[in-house]
Amino acid sequence: ASGEDRPFTINWSTQLTNIDPAFVCAGDDNSFASNFYARLVALDTDTQEDGTVVASTSPDRIQPDLAESWTVSEDGTNYTFKLREGAKFANGNPLDAEAVRYSIMRNLTIGACGALALQIGLTDPPLIKDVVVVDPATVRLELSRAYPSILVTLAQSRGSIYDPVEIKAHGEDRKGVPNQWLASHTASSSGPYELDTYVPNNHAILKRNPNYHGKPALEETVRINFITSVPTLMLQARRGQADVTLGLPPYVVDQLRSEDCCKVASAPSLSPVTVSMNNQEGNSANAKLREALTHSVPYDQIIEEVAHGFADSYYGPFPPDVPGFNKELSVPRTMDKELARRLVAESGIENPTIDLMINPAAPSVSTLATILKAGWEEIGVKVNIDSQTPTSFATRFNTGKYGSALLFEGAGSVAAYELRKKMTCGSNFNNQHICIDGTTELLDELGRIPDLKDQQPVIDALTEKWLENSSTIVLYRARFTAVLARDVNHFKYSSSLRFSEWGR
Amino acid sequence: MNNAETGDLLVIENLNKSYSSGVGGRKRVQILHDVTLGVKRGQTLGLVGESGSGKSTTASCVMGLTDVDSGSIRFDGRELTNLSRPERRSLRKSMQMVFQDPNGSLDPRYTVRDLVEEPLIVHGCKDPAERRRRVAQTLARVGLTEKQAERYPHAFSGGQRQRIAIARALVLNPELVVLDEPVSALDVSIQAQVLNLLAELQDELQLTYLFIVHDLAVARLMSHRIAVMHHGRVVEYGSAAEVFEHTSHPYTRSLLDAVPGASQPAGEELQGANHA
Amino acid sequence: MSVNTEAQVHPVRAQQLESILEIGNLCTNFDLPGSTVRAVRDVSFQLRPGQRLAVVGESGSGKSALAMSLVGLVPPPGRVASGSVKLRGRELVGLGDREISKIRGNDIGLVFQDPMAGLDPLKTIGSQFVDAIRVHQDVSVREAKELACQLLSEVGVEDPRRRINDYPHQYSGGMRQRVLIAMAIANDPVVLVADEPTTALDVTTQRQVLELLEKICDERGNALVMITHNLGIVRQLCDSVNVMYAGRIVEQTSTDALFAEPAHPYTRALLNCMIDPRTTLRGRLPAIPGSPPDLSLDEVGCAFAERCLLGSSQSLCHEQRPEPVLLASGAISRCHFAQTPEGATP
Amino acid sequence: MLSTAFRRICVAATTIFGASIFAFILLRVVPGDPARAIAGDMATDESVAALRSEMGLDQNLLVQYWRYVRNIFTGDLGFSYSTGDTVTNLLADRLPATIELGLLAVLFAIGASVLFASLAVYSNRPWADRLLRGASSLAMGSPPFWIALLALMVFSVQFGLFPGPEGRLSPGLVPPEPVTGLYSVDALLSGDASLALNALWHLVLPAAIIAIGPFAFLSRLYRSQLRTTRRETFVMVARSHGLTKFPVFHRHIAPHGLLSILPAGSLLLADLLTGSLLVEKVFGWPGIGSMTADAIIQKDFAVVQAVLLLAAILYVVVSLLADLTLTTVDPRTRVGAR
Amino acid sequence: MTLSVASARAAEQRSNPLLVFLKRDVALATFLGLFAALVFALAIGPWLWPLHPDAIDLSNSLQGPSAAHPMGTDDTGRDMLARFLSGGRTSVFAGLLIAVIGAVVGCVLALLAGSMRGWLDTVLTWLTNSILCFPAILLAMAIAMAIGPGVTAVVIGLSIHSFPWYMRTLRSEVMRLYGQDFIRSTDAIGAHPARILFRHVFPHLVPTIILQMAAVFGASILSLAALGFLGLGAQPPTAEWGALITEGQQFFLTGQWWIAGFPGMGLLIAVTLTTLIADRAREVLDPRSDAV
């Protein structure tokens, strides 16, 4: 079939679980929901050599979106946004300050992932104290402390703005019991697309939103097929039945790159592949052992064989491209068996064993687990691979009830957020239970510095602590890849994918 | 109907038996109606009647293989109908049964010796040598050799199998043997062998037979007394000669007349009798 | 019965001219894995129009196999191995399905032993009847039905017009057998073969069915081959008898001769075994010792020798197979001693 | 007769009752907290507790069971958190796809098994029989998901004869106006023959693969029934009346064979369900099978429970129907039987 | 009754069943031989083929079949022959386990239900029917989902489905046997019910049990593989044929057919052989019946 007589088709290897922006945790869910909701501000973009447009997450380069302009108070705690006049939801309701207030408050109070991002790991007192409607075109965000990266957060799906009227019409939210309707429907769109049809785990059809205040979507209609079978994805990509194929495993991307059906867009992502370890309990609480483990992983081979080159290496609490990343500090660890054996001996644990929790449904996980197991057993660490279904994997991981877990992470795009989330002692969200002396003070200090450049020394100090502690094993940072049909000329990557700037 | 004479080994009085049938077993079909019979010690009672008239059911009741509805069965003066199961089982030492189909009534997985030995084991004969002796003796009595005893029932012809079944019944030296159509499944040429054996054994061991059969000729040949059953009732009961020569019930007459090759019967009589 | 005085002339040839059905050296085998059951062994006889021939013998002697061989219906793995079956001079063995089907039902009617299983339980009596008629007669369904009703009333089914639409399970065993008989004679066959038609029936019903058969043969004048192991039936219904033992016909004789002067020791033994309800008194019965031979083995000598009062002691009987001998009485007997004084006359 | 039917229905009802208890217990007593699953990983403990009481999970099992049954009767099968939709909607969405596939598969299975078994038995050639048995044994032993992969590779990738695993229609085609929910039928109804063909073309390969299991099972059953019937006396009787081989076969032998495979209807259904569970996944078919497979991986209790119950009810109902049909079709058990 | 050929054969067969089977039935002997060879090869796999199923060799990944790796290697360079053998062991062992567990439980319940009758029979029949109305795979899936995926869960799930399956057939068999004259005749000699049950009824169930075990075994390894394929059965790094197919599934279309190809073939062969053996055995055990 030629690409002309069908809608712009995206084949996506994912299983969405929820499309309520306040509720979603996973990156793919976020991306999908992003298409239907406007945000106050937008990220700036760079164009790569291969022509792919990549969003930058630097807080210094935030662009206006629904908010035409904004002012920040001296102490960095009050943000006042001036909204675009006449913006409307797809159903014609006004897209005004009240809608903004309602949406942000909903995300904050729902008690799920949405709140997490906005509140930096549910700190006390909450980061966002209040959202105030000044007039229908003006809204003020009151923070409890300075946090320059709040704009970056608002530029992503957590800043989604939806129609309070329609949500209320479909059942109020109650605490802990979310509006079930929103889980598989979208409230009237404020974003570039409207959701026309949605068959979970099967397909969705997106229609251009004529009332969108920004640049109209490139394609009138976008069809998204949710296909998890790799052969299907590959076959359809080959036959030109999909314009964009997302989520293909690297070896398939590698293979397709060499065929003339398609081209490959790739961009540095914020998705590290790590082995998270419980820093407080079990054998993995032993820092020497953790360090030993980091030194007996065949990094090069993994990047070569598993990631097929679509990866970069680094070692640190957050990946490159997150503002605040320090290249000097984040030197990748290397395979050194001698060192590793010595470290195991120093750890004082006899016949160490660790449990490696995996979710075998995710691509390449089995392969990675196999490689890790082999590598670690060589230095005398016995590995029990513990397979879990996606749900119980997520539950166990998020509640911190695991030894170590192989994980494809989606990192936040804000360094301070990442550090807080990962290093705050006793936080529910510090699911690795990393608690190092002195970090609390450093984190507090970080919260008092309004400017990113001034934050850097503190970030570096925290990073060093993290490194010393060998808190996590970072295997690599995966590059985002998309296989595009030959005639797709517009493609933009950001951590919350929006399809509106994709097209032929 | 004659009442059972006193001094009979087995006395059946007013036996009633019904089976449940129909939806959820709600309907009950009465199979036996007030059956009253007696078997004299050392003699044979022939029980004849067409198929489904309740002959086998009577035998089952006597053996205690099914429960009765009402009535009494006395064996050697002992009431059987209210016995407990273990008592009933131990009583079977002196009552045994031979079934119609010699192929079906012998467990094909047992050798002849095991089959004949089983009643002894069941009734607590612990001494293997003693058991062996009695098995050998019984087998010899029914005309089977020691060598044949090691074979399985399948290796025998129908007549021989029926001998095995008889040996199994006899090994406990019972007083009463219930024979449920023991020759009906056999060919004429073999039938005589078994009938002869049964007659011999009765003379020799003073056995009492309740002999169920539907062949009138055989009944007459073997029985001292005959009872004719029809639709669950005893319609005729008396000594063999009485029943055959002075047939009182029309059904018995029709049975007698229907035997092919016998003298030609009158058609009218037939019409009247056939309402089955 | 014409008696041929030339003792050594083959019996088949002797009555060739007038016979309607002629069976010559018929052998029927069941091929089992590893062995062959030779159920019918070298059987020859012929049937004249109107003759009523009984085939008697104990169970497993090959009676049914013989009956089936006549119309080529031996169930697999059985097959007619050799020999011929000639109907009015036309060879039936080896005919194709289509050809022999024209004979079945039309020239040779067959009645089976088990009336309960003989009718398709899913089809009405009428439709099965119509099928049976229309294969041979070019009539409409209506006419066929009409004919069927006539036949049914002829065999004593009351209210045939209503009952013809009934299903077989609505008929009693005796009535089913009547229906089967009616179907078998629907196309006026010249030969009616009845394979133990009454064995499965009650004594009283048995008698009625026999009378029906007798009536039919009287009225239609067809030949009858009656297979039975009941000598009483033979006496009542048939004029001549073939006695089978272990797949062979050991005696061919007339009914009268059979009862008066049985020629073969087996026949005599069989007669002895009959228990007459009117005359016999309790006592020792003359039994035939032993049991019939295994038909998958080849017989050496006379198959009956083991059990024979005469032959068990004779080495001749154990070593040499007896040939059929024509006796003065007109009977043909397969016994070495058929003509000895003891054998020829009682 | 009526009371027999009534009794069968009662038995069926108790069976379904048992099955519902089983399904309920299975997914309620075992470890794992449905509320946690629904509320999401990041949910706070209070919100999970709130949801628990909302869902009635804090009540005793008997009450829970009662609620569960009551909900079923009001058409509320629960909420599927993994898809964010009610289970009732999901089923309504996906059932037609599975039904369409299943119907064609049944057609294939019955057609092929009746045809081949008839041929093998009718021809009475040992080699034909051996071939049939070999084929059915092979079919019995073939893992459907693997065959599906193979078939995809051969027919779709190598030869391009059939579409790839792209669902019910070629991408971009608009589904017909729903009437029956079966695309091929609906397309015909709306007069779009090429759309109907496209739908059929997508159906053929998965349906054929799903049919393999039922084919194995049915062809064996039918063959053995034919062979048993062939030995029946009434067949010999019909032959003795002069009917030739073919009329006897199609008038007497085949009806008995067909009648006797009727009771196998429910087993066939179980086979079909199993097949579609696996094959739909490979073919990306938007039906119940792939939905269930996903739901199980996602630990989506509500969906699994609903599908379990649905399968049980279907099974019982189909066997009941088969039973009742058998009693009406078979004259021996029909009204008026003496 | 004459001493027919069939019964003579039956007698002969009882004297030494296996030998006589094999002598008479070349096909059965062949199938049994092949199956035995397969099982034997799987059993002695580690000695037969020295490579370890979990030993990775990244420099040798995705190699096609060769002398060094007769079944090729997977994406981490593990030897597929070693994995095939180890996977087969899992499959076959789990299949056997399910067949045996089901047989034991089902047989005990069938004997109970068939001999006691009454309410016990009613309850057990109800239980049987209630469980059997779920398709086996669905039930096993639900159980695996409830107690967490893995071979154990699937074995439990499939056993829960297999025991009623045994029970249903065995119960009716027990009922049938109790109606038979040889059981009644044993009752008539005064034998204790327990003796009748264990010495007479049970031995007659054995052929049925064996045939059913063959069927359950075949169906179980297929179901096991199906669940492995769906990600609920054997979990990595355990090799199991179904799971191997899943692992290889993604490579099927890129040309590395051997990863999923051989395990699928293994399944096909093992189950087909089981079916064929059961068929033939049924014929030999009961020459009149046709295989269903």
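Per-chain numbering from 1; labels A, B, C, D and E assigned in written order.
Please note the rule applied: a residue touches a chain if its C-beta (ideal position, glycine included) is under 8 Å from a C-beta of that chain, and two chains touch if they have at least 3 such contacts.
Protein names from UniProt, one per chain: B = ABC-type oligopeptide transport system ATPase subunit; C = Oligopeptide/dipeptide ABC transporter ATP-binding protein; D, E = Peptide/nickel transport system permease protein.
Computed from a prediction, not measured in an experiment: that's the story for all the values here.
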Chain labels contacting chain B and also chain D: C, E
Pair sharing more residue contacts (C-beta pairs) when D-E is set against B-C: D-E
Per Cα centroids, the chain farthest from chain C: A
Whole-Å gap separating chain A and chain C, where each centre is the average of the chain's CA atoms: 93
Chain centre separation in whole Å, for chain D relative to chain C (CA means): 54
Cα-centroid distance, chain A relative to chain D, in whole angstrom: 41
Chain C, residues touching no fewer than two other chains: 59, 291-292
Two or more partner chains touched - positions in chain E: 1-3, 8, 145, 231-232, 249, 252-253
Contacts with 2+ other chains: residues of chain D: 32, 149, 152, 157, 281, 296-297, 299
Contact footprint of chain B on chain C as seen in their complex: 58-59, 198, 202-208, 210, 229-236, 269-270, 273-278, 280-289, 291-292
In the complex, chain E residues that touch chain A: 54-56, 58-59, 61, 75-76, 78, 145, 148-150, 231-232, 235-237, 247, 249-250, 252-254
Sites on chain D touched by chain E in the complex: 11, 14-19, 21-23, 26-27, 30-32, 133-134, 137-138, 140-146, 149-150, 152-153, 157, 220-221, 223-224, 227-228, 266, 270-271, 273-274, 277-278, 281, 292-293, 296-297, 299, 304, 307-308, 311-312, 315-316
Residues on chain C engaged by chain D in the complex (per definition of touch): 71, 73, 75-76, 97-98, 101-106, 109-110, 112, 114, 117-124, 128, 131-132, 135-136, 167, 169-170, 180, 183-184, 186-187
Chain E to chain B touching residues, read off their complex: 1-3, 7-8, 10-11, 14-15, 180-192, 195, 200, 203-204
